[in-house]
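In what comes next, subunit A is part of two complexes: it sits with subunit B in the first one and with subunit C in the second one.
Then we have the complex of A and B:
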């Protein structure tokens, strides 16, 4: 583990509960969806942290909290030591410039009525005092850095393909020279070959600009290719976190093992044992007692049904929450 | 290769600045321009006094009919007033009412709809209940109340129509905003630090422009008709101002003997409404970047 000084984004014991409206009017009994339940992680300068997990595990809610689209119910989110919820005025603007995002669906993330130059340049127009020609100049160099023709600045979104649209979205995210870019499923809506090009581009951009990524994904190949560290989420909680290679070579939590064994590997010899999970993801409103994975865990024993496992370090830089360790 | 892009758009030139006009439908465009010019220069163009009848010339048919007079090309009404002159003066009132009402309801309705849809929550509930009330309230009753208290005048008509018709815009635009604001580009705008006002006017407004234009062109016809109903009820514009709606009503009882008294203003209303509708269709296509590129 490196020093604390280069920590950019830090989440500690973050929770997000959504209220469920009761069907009986005026009843006080309120239920909660435990979308994110006690999640801690850090994103360090220049590294990529991935949050992996199946649908409904809370990874997108976590991303939304880092982007201040949702406020945490409990816990703290800090950027360079500053609590996000306390940011106002210039500090908030600085944060907006420092943390940007690329979303999953390139058809939804571009304004269909806005020309590309204006769309990419908008963060500059809103947050800086740059003049129109200066912004246009920046937009041109941004287009080049995402592999698009600068002449396409005058295009409307419908004139681009899906991959090109995602490049435009990346260019906009880079406009303010951010330190962290939240990538929420950046390639899952694209063809595999186009997705691979975008992943290569994201890697190149990270290498040349030294920015950090918080990658939200469910595709393990994407995660493995882009990440330095990986955190596996299950039902609103991180169940295992380790350096990317370590996690894929030596998964410790049964859920991680199941995820990895379910994916097609790029190196066929690697696959040792196959774990096929049965059953559905339990409801996030009524969480199972004890370990929240015990309903589907092939190794569950008595203790798992009653006692919640501690999330602790089981090897240097490798943490997991499982009674087996 | 993914990095290949489509040919760049042509640079901005004078040709391009006006090039978008070239596909405008010729006949409707000419019609609208003609009516606007007529409305503008009405007092100069009328061949006779629109309000002074000649007793000897009551219910004269148009010039192309037997017994018609060339001096009164479109015939005269029951009081011997020249229909052409009244049409020309009427264009002025009808166009003014139509334009002011449409602008008024577009502005109020659009702002209300955008704010309601984007803000949500209590603001949305309050605005939508006002819209419900406005849509449920019988507009002619409102007009009668206004007419009795404020007296029939041009501005009474404008106020009544404007107060009632913004609600349709608000309701429709709110619905579209509810869909639009879930799109990622709105979230990205917030992440980029855009203010709510900027999101509403820069990101949402251009995306609901189609709806506004279609509604507005349809409303122009509606306003002309509503104005004539109000005038018929005696709470519209005063007797001294000829309007197309009043002329339509004037000839109502004489349809079998002197059909032209109603037919001439009727034709005028139909052609203007059709012209505005087809111009609206065209404007909607021009404003849509997807169709513009083709």
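Then we have the complex of A and C:
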């Protein structure tokens, strides 16, 4: 459905290992935390790709690598065909403007001592040659586009509610007209009714500006509402990826099934098979042999204990890593 | 559909099974006293909790659901807040009439609580053994070998693997799910008559949450204690609760059996709230969001607190708070549209 041309972000075989050192300073690493372990995905123009998984699955580390807050240990991250690690000077600044982020907690992501106008205008002041009145004009139109009163430009963050703060964070992310916005749990710190407002706003902004989202989330209902495609992560790997509707209607990996079963539905009568996972997430330092999910998988059989399943296409556009297929 | 005063309403609610009521809360009022003035955090809340029942207390932040829960144990922060009225009847005994030392024999033994964050609920410098043992020592007078055996038994009951080793661990050595099981073990150690659960799974991952909810349900089925389950998540309500009370700005605006509430919510707030959550099992075209913000409990008007955001608002709503209206055997609502 898409050519090579509309691929914006592309990660291929990306790994990120963090060293675990002993207490002796400058000693070499004793072991490695396999935070992200061979992950590949693409973000196309105008679409939302979600990375879902539970804490420790590597979704946030992946987001940080896209934002160049961490450098991959191995593999390549490209933006419009250009290797991120090779970007310097103006090209690096362009990239930072093209890929922006909105974080989970609008209480800590906003500078409490900056008025909204300065906070939203800061990227413009740093990256463009606009004059102060031009910046102020842009800030006002950004505030309107996120549903805030332009007069609130003079406010400090503490004068806003949680939902309004998240709108301010989105306005700042949009200031430089980005092509991709990384949304790291954008509504999980908000109340239900406010979360709905923000999710609707994010969809409207995407529709009017044609930007792409890389959504990091653990709530599957949020993911289903916002995504075009979904990649499920477990212990540093993507275990299943498909178009959003396909993934939720027809999940193939046992972990995806367990996640969907654990996500609580509010439709009375709709009953999923209850899959309760036993045990805990294994350590990312000492990964289990074979399939990394076998320690908790209700369907594990002999092969799963010894051989790592291949990540392969099981239907058009639907990939999974499981010996059952 | 008739308007009843609260007295006759309650007698109509439970005529036959009155002796099943373990906890009865009547017209509870907990106010906040701050520089900004008086905030009505809990403003006339009433509910019954029967044997084996799970009542969900749902609402958004600031609706007063946690404050209600804490007030039942008289653990609301003082002097910032004070319980200024009402009754909390545990099998007929009014907890608000008890002295502080009498309350200490109620907390942990007769009414137990599980809080949201297991990391802050546990003491980081004491072993699990010390913390599980504390309640058993205090309330049941167990010592030495019997204390240890009882602690091991408890952990086994909570499906914690390798209990002997866990008892000698410190909280930081355990995962979040394990910690919340330990907290639940402490809460259930004295076989309480009532369990209060204040968002016990919010800090947990979804698969771990599912396991803990199932465990609580199984233990409840075995022992029969009622649970007051405070949550903002309708998904948890659907899975855990028999009845639901929806709170808005310190008041219960709708109370119904879970099935009824999901099938035919009567209060405009409940209706809007249910339409504003996406669901994992069905595709949602567009979420209906509730415009505006919840009101400040420090500046509540005479009328219905939801009136400024309500799509069906009438003149009467702005001047007079709706009384409780019974729609069915298992549903009451505070909304003038149903009067």
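Rule of thumb we're sticking to: the second predicted complex is superposed on the first by the 310 of 325 C-alpha atoms of A that agree within 3 Å, B and C clash if a C-alpha of one lies under 4 Å from a C-alpha of the other, contacts with A are read in each partner's own complex, and residues count from 1 in each chain.
By definition in this document, contacts are C-beta pairs under 8 Å (C-beta built on N, C-alpha and C of every residue); 3 or more make two chains touch, one makes a residue touch a chain.
Bear in mind that the values here come from a model prediction, so they are computed numbers and not experimental data.
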Practice prompt. Look at A:54 in the shared chain and tell me whether it touches subunit B only, subunit C only, both, or neither; answer first, second, both or neither.
Written response: second
Worksheet item: In the superposed arrangement, which partner chain does A:172 touch: subunit B (first), subunit C (second), both, or neither?
Response: first
Worksheet item: Between subunit B (first) and subunit C (second), which does A:218 come into contact with in this model arrangement: first, second, both, or neither?
Response: second
Worksheet item: Is A:156 in contact with subunit B, with subunit C, with both, or with neither (first, second, both, neither)?
Response: first
Worksheet item: Between subunit B (first) and subunit C (second), which, if any, makes contact with A:197: first, second, both or neither?
Response: both
Item to complete: Applying the touch criterion given at the start, work out whether A:248 contacts subunit B, subunit C, both or neither, answering first, second, both or neither.
Response: second
Practice prompt. Could you say whether A:276 touches subunit B, subunit C, both of them, or neither, answering first, second, both or neither?
Written response: second
Worksheet item: With the two structures laid over each other on chain A, which partner does A:108 touch: subunit B (first), subunit C (second), both, or neither?
Response: first
Discussion item. Can you give me the overlap between the subunit B contact set and the subunit C contact set on subunit A?
Written reply: 161, 163, 194, 197
Worksheet entry | Of all residues in subunit C, those that touch subunit A in their complex | 60-61, 175-178, 205-211, 214, 232-239, 258-259, 262-263, 272-274, 276-284, 286-291, 293-294
Worksheet entry | Residues on subunit A engaged by subunit C in the complex (per definition of touch) | 54-55, 161, 163, 191-197, 199-200, 203, 218-222, 224-225, 245, 248, 258-268, 270, 272, 274, 276-278, 280-281
Discussion item. List the residues on subunit B that touch subunit A in their complex, please.
Written reply: 2-6, 8-9, 183-185, 187-195, 198, 202-203, 206-207, 209, 289-290, 293
Practice prompt. In the complex, go through subunit A and note every residue touching subunit B.
Written response: 67-69, 92-93, 96-97, 99-101, 103-105, 108-114, 122-123, 126-127, 147-149, 151-152, 154-156, 158-161, 163-164, 167, 169, 172, 176, 194, 197
